[in-house]
């Protein structure tokens, strides 16, 4: 960390700050500049926050130098983490496609979708059973019955499954059914939930919060990993910005950046990122072109009858078309086994 | 709701849309315009979402006319809701001040603070026992021990208490101690938690999410109210914007707007809104000037030693100074019992 | 436009509003709903703003139905606009690549770059001569001398040129040199400048403002077109959001959306969108995958010595690598002459 | 500035960076930390940008320590700048109120308004003659005729005037009429315009851009001051955020912060900040409570007939009511001549 002193800081202030730094077990390096004095802190101190120093008299600001996440960082593990789910490898040499309806609505609906998306090239089946909805009056999902349908449909089509868990007390139940536990965007900083999924040994698909910085997103992954579960899949799903013409703004730069900062695999959800079926295909293509290692896509056999998010669901036919494009794109950006551009020293 | 058809929508599209509207139990009113045909929907249909129509062929967009919240709306209840806690009335003729440390750290710390803020004019004691922290390596609060200290300190100083609950399974425990249950910004859309606090009969202080719209905030209140708990106190605590010079951006316009849209009381948290103790006082003054019916302020007897959020905590002395200003301001903006400006037909 | 009345609106209010609508030359259609009365306005009235009605007593809000832009809209012209510059066709069947340094610094620098980017596949040479800089103390460009170097280097390498104009009074001068006039993000709503470039017959590359909505961006294009210049190239260059890990956030959804809403060609600037050379390649790939019809890329023969924006400039070698990927991607998303996904009725 | 090296930076990288630092005329101080090496730069170097170093091999990031503005900073001038306009002193011990219509529409309109706002307590008359409008089809102002009306109405009521200038070539003309030159939010980074108004000796009212950081805003002031015109009045007018329930979000924290960072006076425009007349009064009160040294308010004798921005204009009666409240608030937050809270060492 670097501490910048105020212009009017006194020698007494400086000494008090130095004392405080030493009490934290760190070594201060004072640099007297032309306009300001700054102090560099040397030592190994996990979780030390700038706020510890920012309230002290004479301090203008404290600037962290190191990222606050450890386990999620490439500093801790240089090689890409690969997560095996059924026959799919998330984080491996090829993108993995997860598809299915926003919500499981009936046995027929999920079974039809499972076969359709499998045939189009998806390898994991998604479907919501516990739905977090903005309105208490909206359809809230089928609950455990939905999980049963999902898993059976997955089995019938030969696909592992992913579904969202919203309550720490449901983690055990959901774990008994699905292969990947999804933590939704609204729960990205539901720390009780993060700890609970961290105590399972199921892979966790962690969506980025609507207004979460990349750093906060990786800190949320850190919560899961700090409990001993290292199988975290990061999922960019669009952030909230001033632009309301689309539901959210897909942050392709963050996808590319996280590939550099972290060893964890990164996938994207173009359905929530855009909120409009006619924009899902270009957004999905863009995500893969930016380095996403998979997609999570809402597909519904009859979007016009969907009980939730119909306007952003693809038909199986549209999904198949998208698969044609993204498969090509993945090859274009990754012509050799080595992924080149997130290793900035490689070019 | 208003449905706008695409320019190229056919007569067949129109008929299908009309059928769908009727199947929803609503009456369509078709208006053929120069450039577009629009359909007005008439009827009483709680929770109907634009997405139901936006996926249909021929539909360009569906525009909701009515706010989706019901119980929280002034349409449902014209008069201000007043919530009694101890001898304080939140939503009454005078603002109510809640103050205390970010986290309860020790018996001495909370007792000292309780007496100091009471003396300065606060009527409710705040203090965190279960802390949601961005980093798993930061101090996470004293848990139940913290609640005990808080409540005893409140009793010693003659003040009711407010503290945050982060896990649905903790609601019962926290309810046994404190007088107001706080739902934090990160949990504003933790629907399981909202339902759980909705099943208590304790007042709920509901913070606005970092990037929650006013509508989403009121929908979160609706979740609590839909369970039968009508005692919701809304708390504006700053939103996340592009500006990083302050921790968040206090949205004073939202305070004034919510006073119009809802009968629920609105308070503000200038500490989290700014993140810097030297900005807390002006932000607190601004909130009250905008119509806030109370403040929630972090006060620490020794901010430089605080285990969390020290840089945004006021000293008891600074808090006392702020109380002097805000008491005057409250009288300036509200010279008579009648609050005039959030009743736009009154001026 | 749709006008929504307040719950407490009286018959007198309604009549006054109807009178006002008729005085505007429009026909009111009143729909009495269960909770609110709404009025649909029918007629052809360009430029009528919701504000005209929102101040009237009894009005809750006025909701525009039609986009406010006319000439830029697909409603006005269904076919893609193609703009010929030299041998390149912007908006045609293949993306067009424009590359060069942020600022023209010397004759050698621009000549070297011109040959290098030409060889790598660029067809238009970019370079700034009048630089808008956040600080008055930063390098402000070579002015007319920079334009001379740019155009001569372009001629030497066989490439037309694009450069920014920042002052209405410079439009004539810059027009004498370059083939495309660039209007920068900070000037997107500099209406005097828009009108001035609208009076030339040079193609205009119009960057999206940092916080401009898609609608405002198209309205800026409308300013140029309203002066009679229909050759507008839209350029997405990243928007400002809460995320500061990247310089801006490339809005790929907006690229795909604008392809639907407007007939004007859309290109992207991955350099400003990310601000980091190691993210430019994935961002450029993402833009093309989302439907961008070209890229504007900063390339510098020696980025470490660049007088401006060095940290986001590619080396010629890196640019060549990017060209390899984007050429493939363009074929993947656009396998046939017909561009399919921005025509939502085509799938 | 602080330069942070990459984990994998070599000794050669370090030496090259040190060479570069020395060539810039600065002295490097190397601190070898546990996880990273950082280099502190010492010396006086105005306008040096982090980008100069961020592109170098081995550099992870460069963090500026000093604010990039000089003349606008409290470091350069500790005492508040006071600007006299007629008998008003902007930046003095009492707030200054500027009021009038969005646009000058006719002689009667501006004369009526002038008398009304003067009587209510305003001391400067505002009115637009050159209007920057989002749509080319909206009313664009009366031009020079509008300036004539404005100034004559001001003279009749005994008030100096402020009006916006949008084109560098109009600066001379507008200067001949009004007492304060306004630079609008959309032109905050129109550097040609900033330089031009910097060459006059008229006070400049500089609105904050829709998405301008506090630092960029002060850098825009720096452009004016670098030309020798030190009379800059900063005007916070709401920023663009994700929240669309209000037109913009008034950033009261920025008002308080700029009072600390700069000696220039800060005023607020609650009309554009909210966009709704029923929210203008609370927003104006909040701005003054946060430390604003004046307000710029849209007042129209008949808002319902206004040619622009009618929905956010106050009636003279509403303005008078607001003046009653803000006068009281100004006394509450500033009980003694000394303004206490923006001097953080004073409390």
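For reference, chains read A, B, C and D in written order, and residue numbers begin at 1 within each chain.
In the analysis below, a residue touches a chain if its C-beta (ideal position, glycine included) is under 8 Å from a C-beta of that chain, and two chains touch if they have at least 3 such contacts.
Keep in mind it's a predicted model, so treat the numbers as computed, not measured.
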item	value
Interface with more contacting C-beta pairs, comparing A-C to A-B	A-C
Maximum centroid distance from subunit D, chain identifier (CA atoms)	A
Subunit B-subunit C separation of Cα centroids, rounded to whole Å	38
Inter-chain centre distance, subunit A versus subunit C - centres from mean C-alpha coordinates, in Å	30
Intercentroid distance (Cα basis), subunit B paired with subunit A, Å	27
Sequence positions of subunit C contacting 2 or more other chains	57, 211, 240-242, 244, 277
List of subunit B residues in touch with subunit D within their complex	211, 213-215, 238-239, 241-246, 248-257, 260, 273-274, 277-279, 281-283, 285-291, 317-318, 321, 324-325, 328-329, 331-333, 340-342, 344, 347
Complex contact set, residues of subunit B against subunit C	2, 4, 7-8, 29, 31-36, 38, 40-44, 57, 63, 65-66, 75, 211, 240-242, 244, 345
Touching residues on subunit C, where the partner in the complex is subunit D	46-47, 49-52, 54-57, 68, 132-138, 166-169, 186-187, 189-192, 210-211, 216, 219, 222-223, 226, 240, 276-277, 303-304, 306, 308-313
